[in-house]
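Just so it is clear, A, B, C and D label the chains in written order, and each chain counts residues from 1 on its own.
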Amino acid sequence: MNVVVWNEYRHEKENPVVSEVYPNGIHSTIAEFLKEENFQVKTATLDEPQHGLTDELLDETDVLVWWGHKAHHEVSEDVAEKVKQRVLDGMGLIVLHSGHFSKVFKKLMGTGCDLKWREADEKERLWVVDPTHPITEGINQYIELEKEEMYGEHFDIPAPDELIFVSWFEGGEVFRSGATFKRGRGKIFYFRPGHETYPTYHNKEIQTVIKNGVKWAKNTNTPTPSYGNHQPLEKLD
Amino acid sequence: MNVVVWNEYRHEKENPVVSEVYPNGIHSTIAEFLKEENFQVKTATLDEPQHGLTDELLDETDVLVWWGHKAHHEVSEDVAEKVKQRVLDGMGLIVLHSGHFSKVFKKLMGTGCDLKWREADEKERLWVVDPTHPITEGINQYIELEKEEMYGEHFDIPAPDELIFVSWFEGGEVFRSGATFKRGRGKIFYFRPGHETYPTYHNKEIQTVIKNGVKWAKNTNTPTPSYGNHQPLEKLD
Amino acid sequence: MNVVVWNEYRHEKENPVVSEVYPNGIHSTIAEFLKEENFQVKTATLDEPQHGLTDELLDETDVLVWWGHKAHHEVSEDVAEKVKQRVLDGMGLIVLHSGHFSKVFKKLMGTGCDLKWREADEKERLWVVDPTHPITEGINQYIELEKEEMYGEHFDIPAPDELIFVSWFEGGEVFRSGATFKRGRGKIFYFRPGHETYPTYHNKEIQTVIKNGVKWAKNTNTPTPSYGNHQPLEKLD
Amino acid sequence: MNVVVWNEYRHEKENPVVSEVYPNGIHSTIAEFLKEENFQVKTATLDEPQHGLTDELLDETDVLVWWGHKAHHEVSEDVAEKVKQRVLDGMGLIVLHSGHFSKVFKKLMGTGCDLKWREADEKERLWVVDPTHPITEGINQYIELEKEEMYGEHFDIPAPDELIFVSWFEGGEVFRSGATFKRGRGKIFYFRPGHETYPTYHNKEIQTVIKNGVKWAKNTNTPTPSYGNHQPLEKLD
């Protein structure tokens, strides 16, 4: 299992509140706990050439984890398109928190992907609404985070293929905070938590969900469809 | 449009708090506002012969609205089965609040239909998560109810065909509170609000949703499939 | 109900086989039968300025019908993006046949939208798999077309919100040929039949489905969500 | 992984055509190839006491495979209800072919589960419509069976959570032949092929799909929801 964790990696360099929580960047924290599963984990960040996402790297990546926030527009059209194509060709994708507004996610969803938000140190509870889903393995009926940024409905996404978590926020909102989507041969998991000023990715339950998400998103040698002109009753392999 | 509103009609006769809110029964209140749409509305209650649901009545009913709570077990197996069959044959069904535990709804869902609950005078907000759906016509982004009974996830239903509302409750829970299901040729809308001690069915927005639900649930002369042994390339009508 | 029928309108001018079937263009044929429903119907074509899709026209359009085939790449990026936005804002969209490869549909789906195809005068049967859906009103269990182009799976779309028709083709293929998608506040219906060399849009049952699709796709004054920074327990209208 | 293969086991004892294809019963053939995956496999049949499905056996079963046809009515109400409850509690269920009409499947679906059928030695092609799904691992774009019984739409089931295969039949029909459903904490896979007079379960690709289905259906230690009266902001485990 080859995993790449992509991070915008700007807040951590510019905001001491964030660098205290994630001294080596959000990507390093996520990479560390994913390594506990014996995945091969690499990282890539916005300011590297090609944002660190070379063809060679993408071609061998099973699952890509994406965190971005304030510099979505700096991701080049080329790289965004290339990542989208790799997902359609079977690479798994985990989109975290503000990644909902990334070029890659918006291209794959086809919608605005907008939402309500508020930074007010609110309690969040992520309730499991699908207790059959392997992404919920090893957790309880809900995950509680003492302080998080609020995201509220309407979340402008297509109806998910599977809805796994719904969040409750202290201030009066709800949010579809764990949702899966299939696109082409690729599997996508959107997972809401993880504002940069909170230690959310140090939380063991959140880590469990992301680990489960990576396992779930890996393509398992499913068929590669052929397209185009096609003969009648032709035998295909 | 022929609508029948079915009510258990026990709380209203036994509990003065409830009879003050619904002096003629929940069914009468619902029937009154449905008549504003020029539907032909009749009512039926548990203690009538056959629970008021004769074959003649059911055969001409386009949409049935169901409210029950503490006497689900008193609904006869025969009537429950008959109502289920009528839904599969194309009658629309609106299941309100504690109707989640009715025999009819459980038979149609195939699951336990259980949930968490609490009577604590909590604020509820029903957020619209599907702003394309005709059931949301004429309402705002959410409906707020000052006091309601809490229903919390996990709600043990199949994944709905469409998820329209998600509720937030003051005490920390969320609930899939507006959901549609198709079964056979019938359309089903489950709508959460309406604990008997609160004036929920006097609320104009709640009334709008139920009116919309009835319109949506009516079958529109769609095809009646044939089943069984079938000849090759046979022409069917 | 304001409907616009958009057509590439090239085959009809270049291929006598097609112009014999649709002397005034596919758009005129479709517009004619839609007028039977008392819709206000206009048409627009590729070679008009802005492809006939001015802001004024789009702003007052309830439902847009789209037929394109060999000149998808000539549709300007601007117009395609504008149409996509209008759909997200609530305009209904009916995508016909080879419109599966249009810029607008691909942007809204987020996938490749590819498929298998064959021109071999094959019988097609469109079987109804959702006999509750208003788009099937007034038709039988299936629609049979004596000769059509084959489209075969895998059809590279997201799992539809609703699957209504599945086609059978003489040569050995199946296809999800009637499917709905919700995106933003907009409703989309993809309907497969309609290769330009066959009289498919003269078929009464096909006409019924397209009429039903237009009625279904019209937005019914559902809520317009607000997005962005949002105050706690703020009252919204 | 503990798997139980349940078989009605009547055709094999009464019809020499069937006993030639499956000399030790369909259950033995299925059990044999499942053992290749190192699953612990047991079998159970209708004419054993409690149809071979004791509480002890069911309690330790991860996935149950079900084949039945002409004696569905002989399965006791008690056993059918017990199996349904075990599925809701997390046991996986693979329903094969004519099992669509079993008491267990009908109870879990809530619909009539009827379909069209024909015994005419027709070619069947099962096309993959979801090339992300682990149940399709290791197979091609379609599976071809030279001769099978036809099953045709409308198949009276709820819209599946995932549609994986759609079948084409020589005589003019299509069928949703591979579909998943989640009910309670349980996962269900319905897979169409396997009429008793054909050697379908000796086909390697069909075997692969059933093996994949068993792996997919196993519950992976997901949360067990609690239900009933619930305190505000109560901490749950």
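Observations on the model:
Basically, a contact is a pair of C-beta atoms (placed from the backbone, for glycine too) under 8 Å apart; a residue touches a chain by one contact, two chains touch by 3 or more.
Here is each chain with its UniProt name: A, B, C, D = Trehalose utilization protein ThuA.
Note that the structure is predicted; figures quoted are calculated from it, not measured.
Touching chain C and chain D at once are the following chains: A, B. Greatest centre-to-centre distance from chain B is found for A, with centres as Cα means. By number of C-beta pairs in contact, B-C leads over the other of B-C and A-B. Inter-chain spacing, taken between the CA centroids of chain B and chain C, is 33 Å. With centres taken as mean Cα positions, chain B sits 37 Å from chain A.
Multi-chain contact residues of chain D (touching two or more other chains) are listed as 128, 130-131, 141, 152-154, 159, 161-162, 172-173, 182, 184, 225-226.
Those residues of chain D whose C-beta lies close enough to touch chain B in the complex are 84, 88, 107-112, 114-118, 120, 122, 150, 152-154, 156, 158-159, 161, 170-173, 181-184, 225-234. Those residues of chain D whose C-beta lies close enough to touch chain C in the complex are 125, 127-131, 141, 152-155, 159, 162-163, 166-169, 172-174, 176. Contact residues of chain C toward chain B in the complex are 90, 128, 130-134, 136-142, 144, 161-162, 182, 184-187, 219-226, 235-237.
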